[in-house]
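The structure under discussion appears below in the form of structure tokens.
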Amino acid sequence: MATIKLSESKINFIKDVCKSFGNKGGEVINVLHKVQGEFGYLPKEVQEVVALELNIPVSRVYGIVSFYSFFTMTPKGEYPISVCLGTACYVRGAEKVLDELKRQLGIEVGEVTPDGKFSLTVLRCVGACGLAPVIEVGDKVYGRMTPDRVKEVLAEYK
Amino acid sequence: MINVTIDNKHIQVEPGTTILKAARQAGIDIPTLCYFELAGMKFENKPGGCRVCVVEVVKDFNGKPRRNLAPACATDCVEGMEVLTHSPRVINARKTVVELILSDHPNDCLQCEKSGDCELQTLAQKLGIREIPFKGAQSTYRKDQTLSVMRDVDKCVMCRRCETMCNTVQSVGALSAINRGFNAVVAPAFEMNLAESSCVNCGQCVQVCPVGALTLVDNISDVMKAINDPTKTVVVQTAPAVRVALGEEFGMEPGTIVTGKMAAALRQLGFDYVFDTDWSADLTIMEEGTELLGRVKKFLNGEKTALPLFTSCCPGWVSFYEKNFPDLLDYPSTAKSPQQMFGAVAKNYFAQKIGVKREDMVVVSIMPCLAKKSECARDEFKVNGNPDVDFSLTTREFAHMIKQCNIDLNNLPEEDFDSPLGQSTGAAVIFGATGGVMEAAVRTAYEVYTGKPLANIDLEVVRGLEGMKEATVDFNGLPVHVGVCYGLANARKMMEEVRNGNPRGFHFIEVMACPGGCIGGAGQPYHHGNSDIIRKRMEATYREDAGKPIRKSHENPDIIAIYKEYYGEPCGHLSHEQLHTHYFDKSQHVEACGE
Amino acid sequence: MHVLCCGGTGCHASASAQIIENFKQILAEKGLQDEVQVVQTGCFGFCEKGPIVKIMPDNTFYTQVKPEDVEKIVNEHIIKGRKVTDLLYMDPENQEHVSDSKHMGFYRKQLRIALRNCGFVNPENIDECIARGGYEGLGKCLTEMTPQQVIDEVTKSGLRGRGGAGFPTGVKWGLCAKNKCDEMYVICNADEGDPGAFMDRSIMEGDPHSIVEAMAICGYAIGATHGLVYIRAEYPLAIHRLQVAIAQAREYGLLGNDIMGTGFNFDIELRYGAGAFVCGEETALIHSMEGKRGEPTFKPPFPAVAGYMMKPSNVNNVETFANVPIIITKGADWFQTIGSEKSKGTKVFALAGQINNVGLIEVPMGTTLRDIIYEIGGGIKGGRQFKAVQTGGPSGGCLTTKHLDTQIDYDSLVAAGSMMGSGGMVVMDETSCMVAIAKFYLEFTCEESCGKCSPCRIGNKRMLEILDKITDGRGTMEDLQELRNLAAVIKDAALCGLGQTSPNPVLSTLDNFWDEYVEHVVDKKCRAGVCKKLMRYEIDKDKCIGCGKCAKNCPAEAISKTNYIAEGHKLPSMEIDPTKCIKCGACISGCKFNAISVK
Amino acid sequence: MAKVKSLAELKAMREKLQNTIDTRERGDNPEALVQVKVAMATCGIAAGAKQVMEHMMEKADELKLAIVFTQTGCMGYCHAEPTIEVKMPGKDPVVFGHVDNNRADEILTKYVMNNEMVEGIIPVNYETIG
């Protein structure tokens, strides 16, 4: 098994988080939430350190990370864009909004723009169905989206 | 007792009996795929995932029919339950489920290593599946292999047996289900190479895989090439557990002993010298037993020493503690395993004796084990890159070779092993079963320590399929506390106990990775979850022991001779050089680097 | 005095603008423009009887008002103070005119029990909650009732689980209480994952104390001292408000040790979901809380026997819990009077899709779909035709016009081939293709399937592939047959609730919209114009003026000039090369002359 | 805050709190105290309820109106977010939908100050168990 290389500050952060959860294997999901909250994503090395600290196999950590869609192993853009594809948004044309975003950003779902500015993901229902279709840029929710409004929304971040 | 009716047969079962087991009691064989049990070894895999064993519950606890089909493996019988196992609704669902599984399966049965032993193939045949109505995407993953295990997870049916084995039984944690939905599959973390994971190559995942997703790394052609190379002297050794299982591959009853036929077959295959790992097992006892006594004496003198001594014959176990217990590397015996002792003796003493250069000798081992393939490739077992043991074949590969070469094992006259590395004692034979190494060591250590003959050499307390055993043997006033376990999860518990100060005061602990010891090894004929097979192999082992004229390693005349002629004394200078080894920290470390 | 005139789409279509105009004009003529103000309002949701005019402050509610009625209303009601009887709403039951809108049955269509405090109290202020009777149910349980009496009361109320299948809540509590041991858990399932459902989020955001109180009541009833809320990480505001509520309750001694001096201890922790729909299934949820992959296990054993950490656990969903405190304070007898025979109380629905009044509604069980869609929801957007309503999310089905008068409760929805689910209700009009909708849900299930059992892991994938074939115009009638067989087997043989219900969207559309499937398969036609591969964009040569805007908009360079100049036009018309067209619709949205159509 | 020690104490507390809230609503000067509730669930906030509330508070200060602002949960009118409820002393509450800054100003200057109705009232169409 190979040696894990990670910056000291990151190692210490992970260790502290694990410690705050009593280094218990059963807390792995809570730990991953905290760690992803800090780093934005969960690269291999981070999962390995979490596994070591919680004394559980890294295969189990990866089994969890790859199971839950909230966890990601790829870094997000500076402004992560999520398009809601819940039913309410879908029947009100969310796919067209998504297509337009893909077109304007030139990336597919799950990718990051070359300048690292935007990343594009889809999610299922943020619970703002009344405003369907909805997209999120970072924490900000944009309701009643149309393909025409995509340009205007993106412009806010350029 | 509760009353149930299955396919109109009334039977009484114990409360807590599943429909599957109740049906088997009634002589009804409900097909299964993911379900897997090793009764008596506390291993049960019943995720209820494949849905092949579904049955129709026409009358449930409330007197009403159950809305959905019930998985027979995971549903307990209740009083008054009525079950149909082959109604049209059941057959249609079962067939559709198998068709679905086949629709995401390569279906290359003719070339598959598992063909003939594949549970999915059997199922398809049983259900009379003639076409797969669904065409669609098939999962594809890269193939991957260690020195022992081959992964072709395109064939994975997500039965999760390997995952249960790897985690619950072995606590190795190399494999886990990853991803979800159609992309779900069992794999190492990050889909890394299994060889780089925490895998110890015990191969139990291979032993339980119902299909060809996990198979062994086949070395038959390497061995055939060596045999047919006139410049090479090919020496073969066969492990204790092989002789009690090989017959199964040729239709013999489990527990049939085929030692003589096996030796004859090896000779027919063209091996130049047919030797026995049992011989080197006796040698191991001499070394390990002496090491034990040395440590115990030190301990009694109040000197610092590592007790308990752990056995080190099992390469899966060795790999396990190197990866998981780097702080306890002083505890296992430094004695090499019988396979490697044999290799060392063959390529040093024997090669010299017959005047063959080391490079011109090829040592092949026939093992019940997959980890042995990885063990013989370890650098410390090589001299100038030339390994002491060149190739390690499993019992299954050996059987394939015999079949390939048109040898009729059933009708082969029995032959003896060659000399001088062929003669063995009953103590060596029992290495194949859990507790065997312990018993063999006690037979020798007792007599060496006390100088008196052991009254009853059958150490019954350490025999049997219990996963963890302990006993105290009175060495003439010195109570020696011994422990025996198989399954690496049990071993982990033992190690953790030792790490916490050895509260039970063990002096000596035997560990085997596989269920029941080597007889349940991953290289043995597939037992398909029938633990009776393992039990019968065990019984055969002790039968063979009982029938041996000599039953204590230190009484083996060839062993006595080699010490006299070559090694001097156990744990002496030369034996340290050739018959002992050392261990490495192979655990995972974190290293801080720049941002 | 105020005249409120409904400006909802339905009323607008039937001349509400003219009515307002008339009011203003006539009032001005009478010199009343300063005393009486005319305002247009949002939709009253009573479109069936529109246009609606309401006179304030006396709450007079006139229905089906015509522009020519305005003069009469002004003369009679506004000037003389006499109500115009024949325009008043007539109660269909006793055929009497109702003058005060507060007495109209219509206003009782919605009854807020679970949402009783949402939109009334400040959710971050426990005082407001207590002022509205919060924690009195808990107090009553702890001081006046035995745990068994609490269970009996909840059982008697007839409350059934609001998360999906509708298991009787009291019975569930009773089963768990039977397995009494030192360590037991009350778990609140707040992993609301149905796309299109957001009532649990709204309750947690609007009235978190009702959940805290109900969980403590449940803890008292079953003998548990630990509460856990499994909540979606995607709901930051709900998480925040629950955290605030829990902290405030602790501060007030309504959580923690010795609650209200009764010696009862109970506390609540939050656990976060991580984006897996299947974790709404209780065994999967428990595994997820234990830090494992959220895969369900076969029941039995039920969580009541072996739940979180293998200890007896009771799992209820947010909305179920929200009903509990009020059942305790107002009594099971009161609760029983609401709802239908086998389904008591109310249900919250998230009304979404092509409907005017998208929103969160709460209606007594037994309300018809028609009432919800046309009276509360204000009818279909843009005055288009109702086509289907999807209930129960990915586990439910699509119901159609013939089900509009179905009284909604757990059993009737299942009988109709759908289910209650958590209460998503998505309304669709003729612009929705039902095959595509079935595909949409199946895509969801495929993505969210845990992969543990073969029928769901592979079966749903195969169904999706068949639907892909059909929407691509490659389907055959045999495919439809195979779809039905697969659906039946998956329903019958899958491991968990998600798998067993996953074929419902397909089965219900096959049942209710068979013709549309056949059209896709046989005629290679999608009547809603949704399935791109079955569409053909065409330019009407005679309408096209040849401006070329469509060609500019076209990302596929599929549009070019022809040689044809239509009569009265100066430029040659355009045409679309169907082999290049990607059917994105960019040309249509740009054409000001309605020259482009989809066939 | 002292802990609630008994059900009786809780009930007493409820009464006291109800009175304070009532007084707050009625105020000493019933003509002047107005209560405004802003629906601040995810939908509302996403539609801009927070900014509208801040704006309204500033504007109310500017106009010297004594208004009690509170946030509340979802009122159910997702189609008309942001929504606010204005309760004038002695009158039934009125719900306004699609409230942006301009409409907020209009509500304050017209409805609150002059009892003039403003377009876009949302008729409340449900009963609530209190």
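Here the chain labels run A, B, C and D in written order, and each chain numbers its own residues starting at 1.
By definition in this document, a residue touches a chain if its C-beta (ideal position, glycine included) is under 8 Å from a C-beta of that chain, and two chains touch if they have at least 3 such contacts.
The model shown is predicted, which means the values in this text are computed figures rather than measured ones.
Undergrad: If you tally the C-beta contacts for A-D and for A-B, which one comes out higher?
TA: Contact tally favours A-B.
Undergrad: Which chain's mean C-alpha position is nearest the mean C-alpha position of the whole protein set?
TA: Taking the mean of all protein C-alpha atoms as reference, the closest chain is A.
Undergrad: Can you work out the whole-Å distance between the CA centroids of chain A and chain D?
TA: 36
Undergrad: Using mean CA coordinates as chain centres, what's the chain A-chain B distance in Å?
TA: Centre-to-centre distance between chain A and chain B: 43 Å.
Undergrad: Just the number, please: Cα centre separation of chain A and chain C in whole Å.
TA: Inter-chain centre distance comes to 27 Å.
Undergrad: Express in whole angstrom the distance between the two chain centres, defined as the mean CA positions of chain C and chain D.
TA: 26
Undergrad: Identify all positions of chain C at which a residue touches two or more other chains, and write them in rising order.
TA: 198, 201-202, 235, 276, 293, 352, 358-360, 448, 450 - these are the residues of chain C that touch more than one other chain.
Undergrad: If you look at chain D, which of its residues touch at least two other chains?
TA: 42-43, 45, 77-79
Undergrad: Considering chain B alone, which of its residues make contact with at least two other chains?
TA: Touching at least two other chains: 177, 179-180.
Undergrad: Would you mind giving me the full set of chain pairs in touch?
TA: Per the contact definition above, the touching pairs are A-B, A-C, A-D, B-C, C-D.
Undergrad: Inside the complex, what are the residues of chain A that reach chain D?
TA: For chain A paired with chain D, touching residues are 126-131, 134, 140-143.
Undergrad: Mind pulling up the chain C residues that touch chain A in the complex?
TA: Result: residues 192-198, 201-202, 233-236, 271-277, 288-294, 309, 350, 352-354, 358-360, 390, 393, 424, 426, 428, 432, 437, 440-441, 444, 448, 450, 555, 584-585 of chain C touch chain A.
Undergrad: For the complex, give me every residue of chain D touching chain A.
TA: Chain D reaches chain A through residues 42-43, 45-47, 77-79, 81.
Undergrad: Note which residues of chain B are touching chain C in the complex, please.
TA: 47-52, 54, 68-69, 71, 74-76, 89, 92-93, 96-97, 100-101, 103-104, 133-137, 157-158, 160, 177, 179-184
Undergrad: Quick check: in the complex, which residue numbers of chain D touch chain C?
TA: 1-7, 9-11, 13-14, 17-18, 21, 37, 39-43, 45, 70-80, 85, 91, 97, 116-123, 125-130
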